[in-house]
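A, B, C and D label the chains in the order they appear, each numbered from 1.
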Amino acid sequence: MGIITTTKSEDILKELTQHRCMSSVPFGGRYRMIDFTLSNMVNSGIHNIGVITSHKYRSLMDHLGAGKEWGLDRKSEGLMILPSASPSIFKKNIRFDLKDLYENYEYLEKSRQKYLLLTGNNMICNINYKDALQFHLKNNAQVTVFYKEEICHEKTINELGFWDVEADGRVTGFHLTPSVGEKNKVSLEMIIMERELLMDMIQVAHAMGNWDLADILAANLNDLRIYAYQFKGYLAKINSVESYYKCNMELLDPDVWYELFFKNGPIYTKIKDGPPTKYADDAKTAKVLVGTGCKIMGNVENSILFRGVTIGRGASVKNSIIMQKTEIEENVVLENVILDKEVRIRKGTILKGGQDSPIVIAKKSVI
Amino acid sequence: MGIITTTKSEDILKELTQHRCMSSVPFGGRYRMIDFTLSNMVNSGIHNIGVITSHKYRSLMDHLGAGKEWGLDRKSEGLMILPSASPSIFKKNIRFDLKDLYENYEYLEKSRQKYLLLTGNNMICNINYKDALQFHLKNNAQVTVFYKEEICHEKTINELGFWDVEADGRVTGFHLTPSVGEKNKVSLEMIIMERELLMDMIQVAHAMGNWDLADILAANLNDLRIYAYQFKGYLAKINSVESYYKCNMELLDPDVWYELFFKNGPIYTKIKDGPPTKYADDAKTAKVLVGTGCKIMGNVENSILFRGVTIGRGASVKNSIIMQKTEIEENVVLENVILDKEVRIRKGTILKGGQDSPIVIAKKSVI
Amino acid sequence: MLLKEWVAMLLAGGQGSRLGCLTKRIAKPAVSFGGKYRIIDFSLSNCNNSGIDTVGVLTQYKPLLLNSYIGIGSAWDLDIEGGGVFVLPPYVGEKGGQWYKGTAHAIGQNIDFIDQYNPQYVLVISGDHIYKMDYSVMLEFHKNNQADVTIAAIQVPWEEACRFGILNTDENGRIEEFDEKPKNPRSNLASMGIYIFNWPVLKEYLIQDSQDPESANDFGKNVLPKMLKDGLRMFAYRFQGYWKDVGTIESYYTANMDLLADNPEFDIFDENLKVFSKSPILPPHFIAAEAKVKNSLVPDGCVIFGEVEHSVLFPGVYVGPGAVIKDSILLPDVRVEGGCLVNRAIIGESSVIGPECQIGYGCNETFNPAEITVIGDYINFPKGVVIEKGSSISEWQDGELKIS
Amino acid sequence: MLLKEWVAMLLAGGQGSRLGCLTKRIAKPAVSFGGKYRIIDFSLSNCNNSGIDTVGVLTQYKPLLLNSYIGIGSAWDLDIEGGGVFVLPPYVGEKGGQWYKGTAHAIGQNIDFIDQYNPQYVLVISGDHIYKMDYSVMLEFHKNNQADVTIAAIQVPWEEACRFGILNTDENGRIEEFDEKPKNPRSNLASMGIYIFNWPVLKEYLIQDSQDPESANDFGKNVLPKMLKDGLRMFAYRFQGYWKDVGTIESYYTANMDLLADNPEFDIFDENLKVFSKSPILPPHFIAAEAKVKNSLVPDGCVIFGEVEHSVLFPGVYVGPGAVIKDSILLPDVRVEGGCLVNRAIIGESSVIGPECQIGYGCNETFNPAEITVIGDYINFPKGVVIEKGSSISEWQDGELKIS
């Protein structure tokens, strides 16, 4: 079974999470962030999945429905939307809030799977969890965490944390500041363990009053057989508007595009039945990722267009992310902007954001 | 299209609505209250249905899912769960709160049907809305309300209200106190009108600050062609624990049973795949309505058992409503009680309520 | 190209003629069982409980009714895009078509269907047994043995072994010999007709077998013995639990009555490996003040005014005032009017027994299988008809009865 | 017994041989169209948009691929318990089976299927036309006329009228005469092959027709003329809008290219009467920095490094660096490697055009239908192949090409 939970305060995405939870933030021209984790689980044979969500659940509900697109609309098991213990607004950045799981203890109890995969909701990758489970079994591990090697250039605290891992995969330490200029093993906020072990840990957390699972693991490195599984593929970590922007733009590299969307299986999302995108006679596009149902009559460069976007004649869009059903009228000039859903930019408007600090325009705005 | 809204404060059902909204209160051995209205709509060819629900939506969500059992899990239209404008706890008894509809104005706008049926959520009957729409069209009415003739014995205010109706069906008046000993035309809180007329009325209500649709209709009897459609079948009005208890018990009359469950089409509900009910050698039952998956080893008389109830050996249950998965252990004696879901009554316990004031035991209690 | 680990092929072709008038109108897998199920529910539920999402149902006798019962498979959670349940009647090519000859012919005709999913394994099961089994455990066993073929087997009483295909195995479970209905069985391990094959291996053998004009195109008679002869790795997977072929009136009757025991060997109340079924949309059943119901199974939609004892009722049954139903099985929508006596009888779907009829009249109390009375589907008895014990009525018109 | 107002029977039996190598592997209704659709999507979407929840699809040529495309019908919202979409190949009885002879024979063989739903009306449509139509408006028209039969009809250019079944009606739309491909047409109102029948009436005629050994068992040739002769109330329902039979390479090519117009007559962007389709699970398409895309349709999963002009691409197409695609149609998963030139060509599903090939080379600019180049499905060209304009390649092996 799998559980997708919130590990971050949702305020970090600002306008993008004003009316939706992190899991339902649009990503990559067609998807919501949760589509990646959910598809990875389904592609790895996990069909009993609980999604813990904050109070801004409506858009996520709309998106997931009964889970049909993911093959999760089942009578027994399938997809379950679970309440969070506290509104995200009060939530600090906590690496796996066991309080949320305590709130849903009955769901854990009723499930019948032996192993459980717990993940956060702000890492985007295409990963095969079956391999990871094999690794877990082979090592006779009690807990398997996931990491990716990254060279860190700054000695700032990274709230994800880093694992110290021996050659055989055994975890021996955990720390929050990286070694500069070296490869560090950054935590992916994904954990495999037996369902019953997690239930025990929840009881411990309840007794101790410390709900951070990463803390509990770090404190028990000697008593638990904790192993770390290395993920070598492309990883997008979304923890700010800037990283959200950067990671979307990385999809404009065809290798990243191919890896993220095809490597271990397809990424499922809600089907909209839009027509193909239509390029007009005077369309000019270079380095773009485009969803279905768009009408492109202007210039688009180095940008991502979600489904149903219209780009008017003479308009010029550069380094931007344009979400679903947004309408860019004639002769508009956009550079370094993120436009949320159903925005309308009127004729001749010019909007330019900073190179690493895009302007974000909220859903349904008319400018 | 159809809209099912809340017309009552949900506090009136006390313990039964402590953890759920009125629409998801269990009824009739197998159903939730909303099943009847939803099935009537589906059986009458209405397939675009919005359900307005209070903040205690979780159990309703669980029950309805994507609407599969009602054939409403469609890509376009189908079932839509809509938020209420204000938590039910602050809600007075108001005969159609247009504020809830104002909150969902966009949904009304996007729908494509010409006619709209608006109903409350606390009337249970088996009615053919197609006939009512025919009546509406034939009379060239702008609004059609529904009524049932009842002889009233007390001159107390009935918050549903009564319509004055001429022989041709035209409505000429509305009042809150009945004529004693005579047939009165009590309102069913169901209304047919054009979707666009309702949208106009919402705008009027918004401007006036009076959100009660019944008031608006009553004030415009001369300006609007309002007709009243007579419903002649069995009607259960649930507006208190006592009426809830009484109406459930009325199902033990085979004629009522037949009319409510078969007359104009079947009543759909969530499928549970339980086995048939098993009667043991020493079971004794008289005048009971029993769902699937029960095990009956004791005595049951004049009672309603929901799905998956166990009645232990030597137990005696009389004049009671026992909800899903409740377990009555050996030698328990129950009389005039309502046990909510998953209650356990331990060996030898005796519980007797008053004849018209049943004891209500909350969900998951162990006694 | 799709790639699935395994798909299931369910053989539902049999007419089940030994069930007499119960299979006059419908194929055996569609016959009702156990108060609310149909026989095929058990196999389809096993598939769902084993994590199989693609099932081909091979049928030829009355396929339309089976097709409409199975529908899109949502009752068994098999309404899955990219998978699902497909009813596969014999295929008509440009040169015509014909009925399936044997079990291997039925699968062989659907090689293209299976190839669509490109599976590693194919599970072959039949649709007319009552049992609960998690086939994924059998698949694990198959993989661990690096087997080509695994056959599920159950120990049967020695005296009955001669009626089954008997598997003689070595100590590791590898099959050494295949004894079809042996006179002097060397073991009591009987094949349950449940096979897991490596698909590339099976495909090759099916093609070979189809080209052999001598072959009856049957797994038990032709394909499996050939595989054994060729030295393939074939293993017997031992199953423990309830498993029953309800192929005769007697075994059908007994298997239904078994469910009424206090602790039945086959427990439909067990939440583990749940049995799914297509439920008719019916209200809870109603038992009137004057009714008596004892030691019986009663599903939704029944209305009981009379007396019901040690009987299995199906959805929508009506028992009128003063009627007495004893040791009987009343199939869906049967209506027994007031004053009837029904004793040790099976009454078919939607039949109406007029007032004061006596069915299975004169039965003595000692159980004698020959004395089960069977009334077919859609029979309409007027008032006062008396049907003698042990009769089997498949048609009734104007007072004339046709005893089959 | 179920009771439905109407059910639809979709004739999808045609092989569509005039589409050449495009229908070598699949039936015509399964051929791709318009950048992401298949031809049958239009009829199935019309059914959904008209509120029809039960569709029987009559097919015999390559039924498996159609079956697996349609699946449980969820793409068209037809995965409904108690309804749904059913692929109905010819039925094999105990005595064998045969292919459908004519359109009326196909429906006649499925009387039992229709009777299950006990409908008042049956809508008969075909699966190989491109159009959007709300059949419920036609049903209203049928009811208002108290008609026995209603035939949808469209005005065609007078000069083409001789190629259609022409309906001559009185001023109320009642059909007086039925002129199959008349030399001197009296009207230009052509039958669209879309019929609404009162089911009891149709059933009777189908039974009669099946007993007539002289009959070709065809609606247009036999059943409808007989009904007219018998004086049934038959009406023509006039349809206005886009309606196209894409039965030839030329009409298929033109209909696709029509979609590229600035304000196309048939608008797939129109949200009214939406066209549903089974979408492959693919990411948004990617257009590289050096690519040029103009006046084209591009769906999900495409990757474009080269130049695409006035072309229709289907899901999963790859166009390599420096390749130039002009006035062409690339079906799903076509891969055109770098440096290729493709001009006025249709390239079939999953075909791979190696580097620096030239397809449809030497085409002049004036449109000549004979000069469309067609490459079939799953063709694999090595580097540098040159295919002359107007060729039609259905097979390619070791440098040998088979021109069909």
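Keep this in mind: contacts are C-beta pairs under 8 Å (C-beta built on N, C-alpha and C of every residue); 3 or more make two chains touch, one makes a residue touch a chain.
Here the structure is a predicted model, which is why all the values come from computation and not from measurement.
Between the chain pairs A-D and B-D, more C-beta pairs are in contact across A-D.
Summarising the inter-chain layout, the chain whose CA centre lies farthest from the centre of chain A is C.
In this assembly, the C-alpha centroid of chain B lies 41 Å from the C-alpha centroid of chain C.
Centre-to-centre spacing of chain A and chain C amounts to 47 Å, using the average Cα coordinate of each chain. In chain B, the residues that touch at least two other chains are 68, 75, 271, 273. For chain D, the set of residues that touch two or more other chains comprises 74-75, 80-82, 274, 276.
The touching residues of chain A, when paired with chain B in their complex, are 58, 61, 65-66, 68, 73, 75, 81, 83, 271, 273.
Partner chain D is touched in their complex by these residues of chain C: 60, 63-64, 67-68, 71-74, 79-82, 84, 86, 89-92, 94, 96-99, 112-113, 116.
For chain B in complex with chain D, the residues that touch the partner chain are 71, 74-76.
Listing the residues of chain D that touch chain B in their complex gives 53, 77, 80-82, 274, 276.
On the chain C side of its complex with chain B, the touching residues are 34-36, 74-75, 260, 262, 268-269, 274-277, 279, 281-300, 303, 312-313.
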